[in-house]
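Labels for the chains are A, B, C and D, by order of writing; each one numbers its residues from 1.
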Amino acid sequence: MPVLEGKELRIVGFLCNWCSYGGADAAGVGRAVQPTDLRIIRVPCSGRVDPIFIVKALLNGADGVLVSGCHPRDCHYSAGNFYARRRLEVLKQFLPVLGIDEARFEYTWVGASEAQLWQHVVTTFTNRVHALGKAPRFDAVEPLLKIADMALTALRPLGTGKNAALPKLKEAIKAKLPELECVIGWQQGYDEARTVPLFARTPQDVDKFVWGPFNVNNPAVYLPTFRGKKVGIVVKGCDARSVVELLQENLISREDVILFAMPCEGTLDMARIGEKLGRYTTVDAVVCDEASITITADGKEHRFCMADFAQGKCYGCATPLAALSDVSFGAPVDVKPVSATPPELALLDSLSLPERMSFWRGQMGKCLRCYACRNACPMCVCRDYCVSDSRDPHWMSQLADEREKLFFQTVHAFHLAGRCTGCGECQRACPVGIPILALRQQIGRVIEQLFESYKAGTDPAAAPPLLTYMPQEKNIHERGWK
Amino acid sequence: MKTTVAYYPGCSAHGFSVDYEKSTQAVCGALGIRLNDIPDWNCCGSTPAHAVDTELSAALCVRNLDNAVKADANELLTPCPSCLSNLRHAAKRMEDPRFRARVDELLDNPAPAVFPEVISVMQGIARRFDANALAERVKKPLKPLRLATYYGCLMSRPAEIMDFGDPENPTLMESMLTACGAEVVDFPLKTVCCGASFGIPERAVTARLSGRILALAADMRADALVVACPLCQMNLDLRQKQAEHAADAIFAMPVLYFTQAMGLALGVPPGRLGIEKLRVNANGLIDKIEAAASGSTAPVEGSRP
Amino acid sequence: MNAIRFLPSDGLPALLSCLVKTGRRILAPVEKPAVKSSVVFEPWSEGKPLTLQKATVPAKEAVLPQCETLLSYRQTKNADTAALNLDDTPNAQPTVVFGARPCDACGYAVLDRPFLQGPFVDPYYRARREQLVVFTTTCGSGCATCFCHWLGGGPSSPEGSDVLMTEIEGGLVLQSVTDKGAELLNSMPPAAKLADGAPVFRQAEEARKKAWASLLPAPDIKSARQAIAGIFSDANFWQEQTDRCLSCGACTYFCPTCYCFNITDEGDGYEGGQGGRRLRSWDNCMSSQFTREASGHNPRTDKALRMRNRVSHKYSFYPENWGAASCSGCGRCVCNCPVYLDIRAIVLAAIKHAGDK
Amino acid sequence: MRIGVFICHCGSNIGGTVDCAKVAEKAALFPDVVYATDPMYTCAEPGQATIESAIAEYRLDGIVVASCSPRMHEPTFRRTVERAGLNRYMLEMANIREHVSWIGKDVESNTNKAAELVAIAVAKLRGNTPLHSKSFEVNKRVLVIGGGVAGIQAALDCADGDIPVVLVEREATIGGKMAKLDKTFPTVDCSACIVGPKMVDVAQHPLIALYALSEVEEISGYVGNFTVKIRKRAPYVDWDKCTGCGACSVKCPSKKTPDAFNEFTGVTTAIKVAFPQAIPKKAVITAAHCRQMSRGKCGVCAKVCPTGAVNYDMEDVIVTEEVGSIVAATGYDLMDWTVYKEYGAGRYPDVITSLQYERLLSGSGPTCGHIRRPSDGREPRIIVFIQCVGSRDRSIGRPQCSGFCCMYTAKQAVLTKDHLPESQSYVFYMDIRAPGKMYDEFTRRAVEEYGVEYVRGRVSCVYPDGKGAYSVMGVDTLLGRPVEITADLIVLAVGIEGSRGAGELAEKLRISYDNCGFFMESHVKLKPVETNTIGVFLAGVCQGARDIPASVAQGSATAAKVLGLFARDRLENDPQIACVDMRRCVACGKCVRCCPFGAIEEVSVRDEQKAHVIETVCQGCGLCAATCPQGAVQLAHSTDNQILAEVNTLCRY
């Protein structure tokens, strides 16, 4: 519905029935004059407000969104607002990465008797939104294509894993194979520069195992499909984090999986390799020394130094060897983790809010909705019932428009909040090279800051932060309404 | 090992509390802390500006802080609680951008974005020497002395600005004097007003308040009161006679700066501590210390392993 | 009718300008810079840079958009009457696809059969297809994932194209291969910078021959149709072939010949709550939802069964119905697959497996 | 769907600033709306009749009423809709009074806003489906947690109403704080004498099962069908054999055991009966101080026990009880008064709490009712009472009034004079709060008849004066003067908080609690003993400060609630609850993990794990719906699609 031109902006409120809706009622009873912009949607509890309702509203024309619930500890349902507080705070800090001013979204707590507070909240928030003006329309901004700077320094020397204990690994797998459905690892793909997942069921299959910087795929993605069957899996350090996260969420059980940990020396960023080799070429030969790879394609030699062409995640990797494993083929490397902004996110950080919106418009223009990102994600376990194309619930239009596509990415990022281990498979899988990992990284960063350096997939016993709460949050502070 | 620290002496250091200044310098010197006066310092605005105009008062402080920044200091020591209070208040108030803007208008140069942390000399010493480190450097333990510590009203309050431990019951001075070997009594009136601010208009009030402090110290059989504030010291020492009148008692209670007490323990000659400036004679204390020191086998310089 | 023209290297913008002036939308490959760059077809306008590289995404969009509105409605109500206005006009405009590759163009031929030549003609498809002219760049060589020649195509195969463009020294040779193409070339004004191409046509032919010669020998896959049909019920075979499949839609959405679609009615809230629309969007048989029935039952729950359908459709069912494979061998399903699942390998394995039996 | 819309004028309440006719006109154009009108008073009989006849005439499937807040009249209109033959949930309301007409005067904006609120209500209604309640059986037994006077009253009233009661008490005896008091205000009755008989009634009532020295370990289930696990802590004495004769404690050599019942004002033996009137009157061993149990050497009590009841090897026992309702009456504890360093609280032996003073006054206390200073056993002459220590003090985060301190301080001052006629009491107070029956008269008596000096002001500092007494420095704000009193004994009226462990219990009960550990009632005014968890009720100080008569009244009130609840054989749930689409569920367990009520369980359906909502436990908060990534859990009448429809109605460009 169009807003009253020149008079109002579109402000949507989600109010819990028990406290804030009552507070708004009390303000009415007290004839507390308020601006007329706010449209209140009544929900049973602030915990009912899925953050993506808010993203939906903001991407579709809302100029401001306000969520109000019971004061912490006053929740009619005892804990709904505790969960809401975590989720909404994550959302608030996430919004800027989309190019949406976080001031357009606020959440607050107003009790049923706090008429004056409610009046103050509505007036202040409405004034704030008016000061920001009409929200920019996503489909009206000019697309902007920018490239992340991938020149990074690794925390540890990267290599090609040439001297890894591959024969020993094969031996160990063969020894365990009889009790396992299969062992998941890597084999050569259609040429020497491409490896693909291998599902070894026989000793002959095991001989096909390869190890090296081309082993980019995260084999953990297949584990939930084997639920209830015992399988083996060969993991790099990063893959193991996905396994741990799956364990944390009871999506697989520990006794059903045997982890073979290999010490990873880094994997190649096939996106950048592809750029050098050319889009449609034939690889003639691959030669590997300790620190670099030489690929001959269409008769031309290309040398790739591991230090320059590793995947973004490898540079900041401090756990090249899985912490959790059953059979391990290396010693843990003593690397101090350093908190650094990943390159995709650094690019977005460097842009202004309008530029970020333009950036996503430009990127999403390429998206075909093939959902390779979703299906390559080891944590996307509902993929057969993803809300991306369901009608009940009907979250998304099937229109091929950039807004819907970005909305899907936001939904994906949000569903991964506190669960994403940053394996980067979503971005790697994207055939058209959309840097969607940045959205997950932003949520990851927010989660880390809010929840005491919480990192998904590091502790099988830890509760994912958005599935729990503290009555008193250490790092979430109520914002005053001054 | 010598360390250099930025230092704001404040006006009283050059006036009536020159003994505080002397002993501060002497103690720091003995501990290897070099106090560097910040260049071109001015009044902290404590009186009367802060009561009349917080912005002007803050501007005075900010200018000092700016000078400290220019001297590359990230920590600034001051002996006087009043200076400390004003400097810290100013830094706190400057967090409000509107306040900052108004103060900037009063200054030649806009205030620096980040100020050095202002702490008392007492905290400055304690940060560098914990009780053990201090005890190691004691040459003449204050063992025979029973001391009552008195912080005054300003040092620890308001708590959110001064950050000096429990605002009602600070214990830093006790730990330092204990390290110096003294017996320290748990003095309940350690933060209760001595009445100094009424020293001129309402002398009777001052006498009563000071009298109460002195009387309790006497009742608790303290040999001396140990203070950290020039105004408290003046009030309790210089006006002790008036207080005696008010309390109908004879106190003869020496009122030492904590730096003087520490100086004695560290073996600094009394002359370099300004002990002679005290109105109530403290020679008895010195005698006790000396007697104890000579009675025991005090380690001779250089003989320690 | 045949037209052969020569376009000097710097003449591309001039030609495209003239094509735009005919009132046509030009879809041309545009490079999208990124860490992993891509080439996609986009409407061309004056001044926009384009590339003649083989695109990441085929130009299927020209006839079968990712999503199109089949119909929209709006309800008008007043106190006494209520009326429903329907609009089902196909969204179509005259279009030139400029810079497709033979494998892309071949895709149009594959799509034409079910959409135009079967018992039902799809009016939306037809409206766009009839107004489409395809300018195809012939390929200079094959690559690791190309296999058009396995399926009877090749680097300069004209199927589905209206004009073939071959790069020679100093420019492009444009050769019409249909009347539609010839007409358009002939109608180009001098401003299009087109010169007579006959004198240099030999050079173009040389280039094409060279491209053909660069291809690796193709295996014989004539028996694929029977072989695949023969092992239809061999679940183990399909299971093994699809272990690593992630069930995403990259293979089908990047395929120039895949045409499965989904129809969604989106009613509420559109047009100010007074209307709605029926959308047709790409769908893909690799998704479990593709065959999920309203009851919740799904005949193809397993990805192996879905892969069987995809391969069978391309190499068995479609050929059975239309006499040719619904695959142009462009190889995009292989190189865009996150796990490089190789349909060639499956077809060859099927032939071998059937032979072993 | 055929929708009718009713835009209420509410006289001029709405009609004054909203053009209701125009809103109705606009609403008629909304999708599925076949009828729209604007009655003058929709909630009045003629208005309701309009709705009923419109539903019949226009064959409506659902209606939208735009009027006052749904919190006001939703139940009214639900009944109207039901009378007209529709499902009662086929109703949505748009709040155009409290949220529109009453908060602004701009008719254009208000009319537009009202129309939009109607539009979202229509959009939501289109997603509504008829809902039906489920009925279930009620287990007519009640659990009372806490055996203080409130819990005792609740238990006795329930049991007298023929409801079997399970009474759980954490301490070794019931009686609570009241049993520790010497006298009660304003009558100066003997506390133990009036609560004692009630305690005996509990012990003798055939329908009350008493678990003393026990705590609630775990609660599952829902109204009508709770399952409670109770941990019976080991008393190391077989209570079935113990007769409470006390022979053991006479002989016990460990005579320096801190005496919790006496608030640590004295010492006692390691084995003992809590106090002479204890119920149950059974001995308990304090393990940490028992020589046999801590050092393995002694065993005297076992030897002297005539019934052989002592058993050092006893272990805790978990028992399970099934009940249909729960009354929480867990009372209070004193806040940590040692934060008041300026009073020397916890440092100076003669600065004590009022509860400790109560034990000093009590004949059964450590001094046999003689007031003696803890430090030197001297009789104090000057006693200073400081009120509001930990109450009404924002600086330590305790803004609330502890309610009964004014009264008991007056009582203690009066008793002090009775005990020590030569003594003088001073009371530092902020305000005297004496609103009960005979209360103000009582405080007046303290001042006028007993010569208690009331000083209005706060104490800034208490310190030993070095001569064996204490200096109390304060201010008299009425005279505007500082006050200094040299006192022998200082009694702090320490503020209260929810009893130790209240937060954990609240979480087990799935009810809310505040910063001070007090349980939250459902509505401060109108549902003072209910909680947001149906079937759980509150009595006494566990929900906030109140005195004995109020606690007793609340105990009875909860009993009335329990009896009312149990008057029916079957209960019905609110059908606006969550429901799992089994097909979409992937059993990731996120909803199970989050549900504040434990209302979602994993079940096995055709060998697959699936989430399942226990309909009677679900309270309809929708947290699960917001948590489920694939939208497999939906909350009836707040489905994703309904909220999306509302959002889409408002936000679409």
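The criterion applied here is as follows: a residue touches a chain if its C-beta (ideal position, glycine included) is under 8 Å from a C-beta of that chain, and two chains touch if they have at least 3 such contacts.
Because the structure is a prediction, the values reported are computed rather than measured.
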Which of C-D and A-C has more C-beta pairs touching across its chains: A-C
Chain occupying the most central position, where position means C-alpha average: A
Euclidean distance of C-alpha centroids - subunit C vs subunit D, Å: 69
Geometric centre distance via CA averages, subunit C-subunit B, whole Å: 86
Distance from the mean Cα position of subunit C to that of subunit A, given in whole angstrom: 32
Interchain centroid distance [CA atoms averaged], subunit B/subunit D, Å: 51
Multi-partner residues of subunit B (at least 2 other chains): none
In subunit D, residues with contacts to at least two other chains: 119, 583, 648-649, 652
Where subunit C touches two or more other chains at once, by residue number: 272-273
In the complex, subunit B residues that touch subunit D: 166, 168-169, 188-189, 192, 216, 219-221
Residues of subunit D defined as touching subunit A within the complex: 69-72, 95, 97-100, 102-106, 108-110, 112-113, 116-117, 119-120, 503, 506-507, 510-515, 520, 524, 532-533, 576, 581, 583-584, 586, 588-590, 593-594, 596-597, 619-623, 625-627, 629-632, 634-635, 638-641, 643-644, 646-653
Sites on subunit C touched by subunit A in the complex: 32-40, 53-54, 56-57, 65-67, 141-146, 243-244, 246-250, 252-254, 262, 264, 266, 272-273, 279, 281-282, 284, 287-289, 331, 334-336, 338-342, 345
Of subunit C, residues touching subunit D in the complex: 75, 77-79, 268-270, 272-274, 296
List of subunit D residues in touch with subunit C within their complex: 28-31, 119, 122-123, 126, 583, 645, 648-649, 652
